[in-house]
Amino acid sequence: LRQGFPEVIFGESKTVGQMEQIIMALLGKGNNVLATRVDGEKGAALMHKFPVASYHRESRCLTIEQKPVEAKGRGKIVVISAGTSDMPVAGEAVITARIMGNEVETLFDVGVAGLHRLLARKELLFSASVIIVVAGMEGALPSVVGGLVDKPVIAVPTSVGYGASFGGVAALLGMLNSCAAGVTVVNIDNGFGAAYAASLINRESSSTI
Amino acid sequence: LRQGFPEVIFGESKTVGQMEQIIMALLGKGNNVLATRVDGEKGAALMHKFPVASYHRESRCLTIEQKPVEAKGRGKIVVISAGTSDMPVAGEAVITARIMGNEVETLFDVGVAGLHRLLARKELLFSASVIIVVAGMEGALPSVVGGLVDKPVIAVPTSVGYGASFGGVAALLGMLNSCAAGVTVVNIDNGFGAAYAASLINRESSSTI
Amino acid sequence: LRQGFPEVIFGESKTVGQMEQIIMALLGKGNNVLATRVDGEKGAALMHKFPVASYHRESRCLTIEQKPVEAKGRGKIVVISAGTSDMPVAGEAVITARIMGNEVETLFDVGVAGLHRLLARKELLFSASVIIVVAGMEGALPSVVGGLVDKPVIAVPTSVGYGASFGGVAALLGMLNSCAAGVTVVNIDNGFGAAYAASLINRESSSTI
Amino acid sequence: LRQGFPEVIFGESKTVGQMEQIIMALLGKGNNVLATRVDGEKGAALMHKFPVASYHRESRCLTIEQKPVEAKGRGKIVVISAGTSDMPVAGEAVITARIMGNEVETLFDVGVAGLHRLLARKELLFSASVIIVVAGMEGALPSVVGGLVDKPVIAVPTSVGYGASFGGVAALLGMLNSCAAGVTVVNIDNGFGAAYAASLINRESSSTI
Amino acid sequence: LRQGFPEVIFGESKTVGQMEQIIMALLGKGNNVLATRVDGEKGAALMHKFPVASYHRESRCLTIEQKPVEAKGRGKIVVISAGTSDMPVAGEAVITARIMGNEVETLFDVGVAGLHRLLARKELLFSASVIIVVAGMEGALPSVVGGLVDKPVIAVPTSVGYGASFGGVAALLGMLNSCAAGVTVVNIDNGFGAAYAASLINRESSSTI
Amino acid sequence: LRQGFPEVIFGESKTVGQMEQIIMALLGKGNNVLATRVDGEKGAALMHKFPVASYHRESRCLTIEQKPVEAKGRGKIVVISAGTSDMPVAGEAVITARIMGNEVETLFDVGVAGLHRLLARKELLFSASVIIVVAGMEGALPSVVGGLVDKPVIAVPTSVGYGASFGGVAALLGMLNSCAAGVTVVNIDNGFGAAYAASLINRESSSTI
Amino acid sequence: LRQGFPEVIFGESKTVGQMEQIIMALLGKGNNVLATRVDGEKGAALMHKFPVASYHRESRCLTIEQKPVEAKGRGKIVVISAGTSDMPVAGEAVITARIMGNEVETLFDVGVAGLHRLLARKELLFSASVIIVVAGMEGALPSVVGGLVDKPVIAVPTSVGYGASFGGVAALLGMLNSCAAGVTVVNIDNGFGAAYAASLINRESSSTI
Amino acid sequence: LRQGFPEVIFGESKTVGQMEQIIMALLGKGNNVLATRVDGEKGAALMHKFPVASYHRESRCLTIEQKPVEAKGRGKIVVISAGTSDMPVAGEAVITARIMGNEVETLFDVGVAGLHRLLARKELLFSASVIIVVAGMEGALPSVVGGLVDKPVIAVPTSVGYGASFGGVAALLGMLNSCAAGVTVVNIDNGFGAAYAASLINRESSSTI
């Protein structure tokens, strides 16, 4: 397989009919299914067609696990988010990482303005093999996390904010300019992409993904 | 006096001759003198004319204290900076705050990627009446400081950085989107403006500045 | 308390259910409540649950004062706005400042194109301990106010305008480049943040906020 | 004549040789000469070739008046500038307006942070037939002037400033969003263009320019 | 009167009730009424209250002429637009100019890609005392017009276009960089502002506006 | 050959030594040579090494024609430029088009503000098989040309201008939003790229380039 | 005919009534009809009026071929698109190119992340006389195609994407900076414009379009 | 150790004296030394002080290996660059990765416009445990590489280009919008940061870095 996971369906610009067809094909090949950016209405329609599916409303993801997810990682992926409004994006990352065979642990609502909550969970950070940090507004959290641990940090800016946040641009720039080494960045709101990259990092180098 | 300090000379677009004239006038009225954005060459020329002056090379400031600076603040201004490259801007703030009659303490090189250095000095933060935080790159430090203390924080973005720092824009946006309440922001590299505002904040409300 | 006021609820990305829960918790601890960015529909639902609450439609704020607000400031906060369309943001500032224990006075609709209305109220400006200036379009008002008084001025750009106002960016840039010293700036439409900072400035330096 | 004044030489991207040739041609036809954006070195070279010329160092303009400038306006053009650093641009406007046959009066260094200097000269504003307002930083002056008088105001943003002034963009946006009606805007630093337009406005409608 | 026309109501952010009140006040003082940015629904409601009013649907303007408009201009204002989609903005300019007492003539749908239509009407251009040029997309029309005539040209960029037109920014920049002297610019879609400035230009210099 | 012309050397980021080596190799294979973006100093050094070369100072191009250029086009490429400052970019286009085997004719200094110069040469436009239009500032010329003829127009924005021209961005946006169909655009100052594309268009479809 | 095809109706800002009128006029003159940017509702209304028309829902185009389309090209136009979401824009290009008399072939869903699909169809690329490449997100496909063939490539960025795609700006910039020579670019989502230019390129140079 | 490698000196804003001091300290602790962004002049001065150092002119790095670099990776890091102008940034990545104990292989000058060079080296890509892809202009290379392999790809945009490359922004946006999953991005020109992150990824999860 080229990309390590059968195919992830990007639901944003697809009709229910188009997704139905791709899902049928994937199921026919014996694969598990992950569709992202599936809004509530499309989610309901697909649940109706595939009662075996799970629809994750907040994260707008739909999954079907017709076979057990096979554990493939050499360690644990930790997903951290700064505020409650970042949860949908963090959720997309969690669901993606899990269905790709990774152990995932989460640490939510630990924004930079309340550092003690983060510092209280240092041991969790140290136990990770990769860390995904999801944050909007000023996007400062990845720098703080990256300064505490020697693990790869994947930063996900979110479009949370208003005014001069410019739909996530402030957070994106903050992350690209992180003063902590070891931080790399994905597109605004791209929880899926962060988890996909984290999953590749978490593989045994010898394994076929 | 309209603006609380006789007149601050913005040296960037002034010739040595023009500054000389303004300085003479200020001295003639018995005032102390502060000139900012005075580059090395202009500084040397002015030192030659006014041997009693002090030229602060790194901060590009020139000061003349012909009378003792009168203490006017009700508390202490603490100036914090993230990295060594932010020092010139932090220095401009320190010099401005001091000549305007404030007690000033500093905490330099305490970037977000090395939080322990900042956390080790919490008591200094708590002792401030206003805090100026100078930072470039992702501009995350004011949020961390603002989350630790209940004091007004004035954030100064610096033009330090490269690539997607866009000459200080990334830091500026980070600060405007700070998730810690109580943070206000001044223009990129405007150490003077931050100190001026901090000085107004630090006055007894009844005092004529 | 870390941030001087129990907790302010940012209502924009929260459901009525989430807000209800937080409000219950705050009330249970004997606190007063402030929620900002609460749209009309959510406001109505919350009023239904908490008949004792006040919903400020124009400013999209909800407040519950189960105990008298304790006066805490050493002076007065004056809130100025340029045009009628800036009123919602100015209102958010007023409500925030009041519930945090400050005496607040207002001066609305005194735009730069009609200076006489502002100049006629100079004595009000002089009586302030901090001034919040709310303005959209070209954002010139804080400079004019800052040039008249020696008090800290907190400038709030608003998203009012069209075309090249770019949702408040023109006003934001105008304020960051203010030619009057003593002006600091918060995010576009952030009336809450301005009032929070003003409130910290207005405290007795010795008081625990 | 197509554009009302023989031809104005934009010196920025021309060599001394190229300008020399154009000047010769203009003089040969009996015209007066105006060249803008002529830096010091080119200015010196041209003064050497044309000793009868005047080189205006600060404004980077070179003029040759081989015949008396003919008065053509129906009123007076007033040129106002906010700060000393805006003087070169204001100067370009003054020189252009004068050589095009207009009576010009000036009011310099009347920035928005020191309004009293402007208000003290209201009668000058009222006596104008067109007003050119030159300002950098936040570009607020045209709004104030436009609010005081019922005359066409042409606003010229300048590249004066640093950080978030973005080379004049902050001033430009401020002027485009002016809350005073009757204000129109030209390009950053375009003193020439403002004066050219003012000159067209100041003509008798029947006159051939 | 400060601004030469009693008061123009900017309807965008006003309720029907608010506008009703202002209109009543204006009518009570014997004035004519102009309200801009009045959408269809508000327009219908106001027509119901004031059957004597005219609602200009395409231009979103409402006018009431309870007394004849007094001719005040020394010449004619010509309003030119590039394409059919620019008509609402051009219409706002026409209505504003007319109710302010100017003779107005129009030349619509003469875009730069079909120059012959413009060139065929040169005599109309020459007969103007001021020209307003409304154009979206690349905003090239003001340069062409400005190159043909020696009259003040006020350029109005419109938000017409898609993709890299960025809501009128492409047209705005084109106009600010016009290679024809004598062109000044107003905000995107600001037909009102262009007409107001044109009206000031078109006055006898001695008249009280 | 993959790209139709042996290899064009982009001189901007290459040392004289690096270019010398590539030129030797090209000459060794019997090819003609074109190097673009060769500044004066590098040009002089290369002329010293290859006295047979021609250095085109204004266009910063170096060419060596060791064999006659073979005519390959099915028609003529016309290169038009708006102002004298656009000449270097236009020159790069001309040199590139010629050495690639095309007949080239030029029409320079025909800006939009002086349309008659362009209209006087319509027959030249009609005789072209492709037209390259080079313009800075507002970039309006390609629309005018595209409206006159039914030939492919390649628009080249130049970085000529100041202030809100933003180094060619205003012209680029103007061209992308052209209201004349048939216009395509290349990067700012990319005379080479325009000529390369024009050359591909001008080929007989059956010819191997 | 000025522009080679009778008239193309840009439906975005036109009412059904306006389009109906233009269509009637075109049909009356014996022309075929192409309308672009016709949304579903308008499309249905027009189909009702003109049952002979074809409405292409995905591409939002409406066509009426009352006479056979006359073949006019000297070769074939190949339209390539990167992803399924780019199909509407690619479709607009295909329909435009066909009704203008060109042979068109398509190659869809051959994004850069799955190169083998593109490489498998090299012979199709080689058979084209012009290639239109439609791509969103990073806009890399035109560079790859341009590197494989020696034919003119017209790149169409699409607004497909989210976050830092900025509505097609990322793709647009990628295409303007293409490292393959021979690529020219049109506005975001402008499938029509690409096909129009391709059609001009594909004409016999001697033909009247 | 906090960051896995003793300390990397960012030379850009440091004086020779400052760097000398830090290097002495590092050597005193027995560490190897890496300094980045050391320009030629500073490099020469430091070589004079530390004759044992290596100065890498093109990449502006200075290294001192006083003890053998200990191999620490579980696989190989492959560094790919698109063009010769990207070499300095790619070199910074190579030097950083090597001194941090990784096996590094390189593949330079394999731009997207000449895909065959990349496709010819597929086996090298497959042998990597992490791939760093350095590219300027349109930044398309990481998407192509990411589409070929199932390994983590770290994309480094470079400031190479002109015009609409905006100093690396076009490449940065292209990379953030990559259509290949598994790609993460660092700041423009940040070869060091990419290599640091790659090095963390390449560690055995159990190892102390």
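Per-chain residue numbering starts at 1, and chain names A, B, C, D, E, F, G and H are given in the order in which the chains are listed.
The rule we apply is simple: a residue touches a chain if its C-beta (ideal position, glycine included) is under 8 Å from a C-beta of that chain, and two chains touch if they have at least 3 such contacts.
As the structure is a prediction and not an experimental result, all values here were calculated from the model.
Where touching is counted per the definition, the chains common to chain B and chain F are D, H.
On residue numbers, the D-F interface is repeated by A-G, which shares over half of its contact pairs, out of the options A-G, G-H or F-G.
More C-beta pairs in contact connect the chains of F-G than those of the other pair, out of E-G and F-G.
Between the CA-based centres of chain D and chain H the separation comes to 51 Å, rounded to the whole angstrom. Inter-chain centre distance (chain B to chain D, centres taken as mean C-alpha positions): 36 Å.
We define each chain's centre as the mean of its Cα atoms; on that basis chain C and chain D are separated by 41 Å.
If each chain is reduced to the centroid of its CA atoms, chain C and chain H end up 47 Å from each other.
Residue positions of chain E touching 2 or more other chains, listed in rising order: 2, 113-114, 147, 163-165, 169, 172, 176-177, 180-181, 187. If you check each pair of chains against the touch rule, the ones that pass are A-B, A-C, A-G, A-H, B-C, B-D, B-H, C-D, C-E, D-E, D-F, E-F, E-G, F-G, F-H, G-H. Within the complex formed with chain A, the residues of chain G that make contact are 84-85, 113-114, 160, 162-165. Partner chain H is touched in their complex by these residues of chain A: 1-4, 8, 74-75, 129-130, 147, 150-152, 154, 172, 176-177, 180-187, 192-194, 196-197, 200-201, 205, 208-209.
Residues of chain H that touch chain G in their complex: 82-83, 111-115, 137-140, 143-144, 146-148, 161, 163-166, 169-171, 173-181.
Only residues 2-3, 12-14, 18, 157, 159, 167-169, 172, 187-190 of chain G touch chain E when the two sit together in their complex.
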